[in-house]
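Before anything else, here is the set of structures, which you'll find just below.
There are two complexes below, and they share subunit A, which is joined by subunit B in the first and by subunit C in the second.
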Partner chain A sequence: MADADNGDNSAACVESGEEEYRMETVPFDPRFPNMNQTKHCYVSFLDYHRCIKARGEDYAPCQYFQRVFRSLCPNAWVAKWEEQIEAGTFAGKI
Partner chain B sequence: MRLTRLLRFSAKPPKQDPAQDWRWKFSGLTWKDMKKHYAIIPIYVMTIIAGGMAGGYVYRLASKHPEVSWTKANPEPWNDYRARQYKFVSSGRDYSKGSSAPPYK
Partner chain C sequence: MIKSNHAFHLVDQSPWPLTGALGALMLTSGIVKWFHSFNMTLFISGLIILVLTSIQWWRDISRESTFQGLHTLVVAKGMRWGMILFITSEVLFFFSFFWAFFHSSLAPTMEIGLAWPPTGIQVFNPIQVPLLNTIILLASGVTVTWAHHGLMENKFSQTLQGLMSTVILGLYFTALQAMEYIEASFTIADSAYGATFFVATGFHGLHVIIGTTFLITCLLRHKSCHFSSTHHFGFEAAAWYWHFVDVVWLFLYMTIYWWGS
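The block that comes next holds the complex of A and B.
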């Protein structure tokens, strides 16, 4: 890897007094080891809504699922599913 | 010449002992034939190994694949792989940490 500082952005930022900005993406999930992450997207979307339903919107760990599906899923899919949820026609089990 | 060949091709086989008729059509299935034509043995061995590998792979897919479920009691079979590896070769991925998804239920 060309970048050998282990993703540590803090040094440069500390000097300018800004907040540390970490660049991250969805971590590896052994449930979905292949290149095709469609299932990962969909299951995270379902898990987010189930988490909200089971624990309430303020439960912090639910945000993990939201970050995952916002990164992985095409925005058009997320918009379509949320519309379906509001209309009561969403096919998944929440 | 062609006509003779055509007629001979469509003619009945020469009369033989009826018990031997099936062998006249399919030779190579009995031990005796294999001893006579040794070259057929590697063919059988390789075919059985190849068929076994193909069948074994399909069985592994059916029994262990993270997206295969045979009962209603297991609607989300990928959850069994939160910390397990299914692929034989996974190119240096670290499976020891397991899934980062928090268990919220």
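The block that comes next holds the complex of A and C.
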């Protein structure tokens, strides 16, 4: 049973009788308003790596970007990019 | 001796359209054969036939005009329209390569790192040789205009000097651009950058060579006194073509070399 969510389309609370847990999805980003979310995925991937490069891997807010790209991006792309980063052939600026 | 009672030029029978068509067919199919079986024979044969056709066809036109006087005012007007339309078609040709460049560079893809120039491409510094090339072509525009005024004012030695200077500048541009091509750190195969750069500048360079050849032809004809101070359309056509080549370079410089760095 969904409750009043204050107009927030990216999350819903579910009461299943045991615990409440939030279901979330990637929120609307006006930088990428159209159906094609490729750049949204790629930019989030870049932002995550720039975030941990600047603030360290344990900096919690960086995890936001990770959740975004893990949700949006095809896993094959993420695997390929991580391989490229390892090999030093990744084209993006981190 | 009047050959007709109208001012138009109905040309005599000539083999050059046929040899030109055959040569063009051999050239184009020769390119395909070259790509598939790594054999350049058909291509080279086609090229030679086409070059020989061009020389002899245009030689015939010089003979019909300068020596037979068959190029009346209306004939020359028709040729003016022809040259204008041809140059317009060339403008559209280059437009397509500029479109391709902007398509790739305005919204760079992930594969090249969402950046232009793409990651890893070492672009030419626009204020080095490319700037020199710009100055060379602009100066050549001045010298060809100088030559034209010499022609119109009956100062034929100045025409000679102007044409010589223009040709020398054109050759200098070609030599410098060839050096750049050899020294470039990227090739035509290096991402959208290499492709757009070499196709656009490559076709421009080909047009510079064609324009320089046209100007050399005018130089030789002028030395043989083919041009009068009032009737010299061949020269004007060469000058128009040369200005067009210059303008294309200016666009190339501003977009690919300068903005694109």
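Here, the second predicted complex is superposed on the first by the 75 of 94 C-alpha atoms of A that agree within 3 Å, B and C clash if a C-alpha of one lies under 4 Å from a C-alpha of the other, contacts with A are read in each partner's own complex, and residues count from 1 in each chain.
Definition applied: a contact is a pair of C-beta atoms (placed from the backbone, for glycine too) under 8 Å apart; a residue touches a chain by one contact, two chains touch by 3 or more.
These figures come from a predicted structure and were not determined experimentally.
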State whether subunit B and subunit C clash or fit side by side on subunit A once the two structures are superposed. fit
Which partner does A:Pro30 contact after superposing on A: first (subunit B), second (subunit C), both, neither? first
Identify the partner contact of A:Lys39: answer first if only subunit B is touched, second if only subunit C is, both if each is, neither if none is. both
Touch check for A:Ala91: first (subunit B), second (subunit C), both, or neither? second
Partner chain in contact with A:Ala54 - subunit B first, subunit C second, else both or neither: first
With both complexes overlaid on chain A, does A:Tyr64 touch subunit B (first), subunit C (second), both or neither? first
Looking at the overlay, what does A:Pro74 touch: subunit B (first), subunit C (second), both, or neither? neither
Applying the document's definition of touching, compare subunit B and subunit C: which contacts more of subunit A? B
Note down the smallest distance between any C-alpha of subunit B and any C-alpha of subunit C in the overlay, whole angstrom. 5
Check: subunit A residues flagged as touching subunit B and also subunit C 39, 43, 93
Complex interface listing, subunit C residues touching subunit A: 110-115, 118-120
Residues of subunit A touching subunit B in the complex: 27-34, 39, 43-44, 47, 50-51, 54-55, 59, 61-62, 64-65, 68, 93
Parts of subunit A lying in touch with subunit C, wherever the complex brings them together: 38-39, 42-43, 46, 90-93
Would you tell me which residues of subunit B are touching subunit A in their complex? 66-67, 75-76, 78-79, 81-87, 90, 93-95, 98-102, 104-105
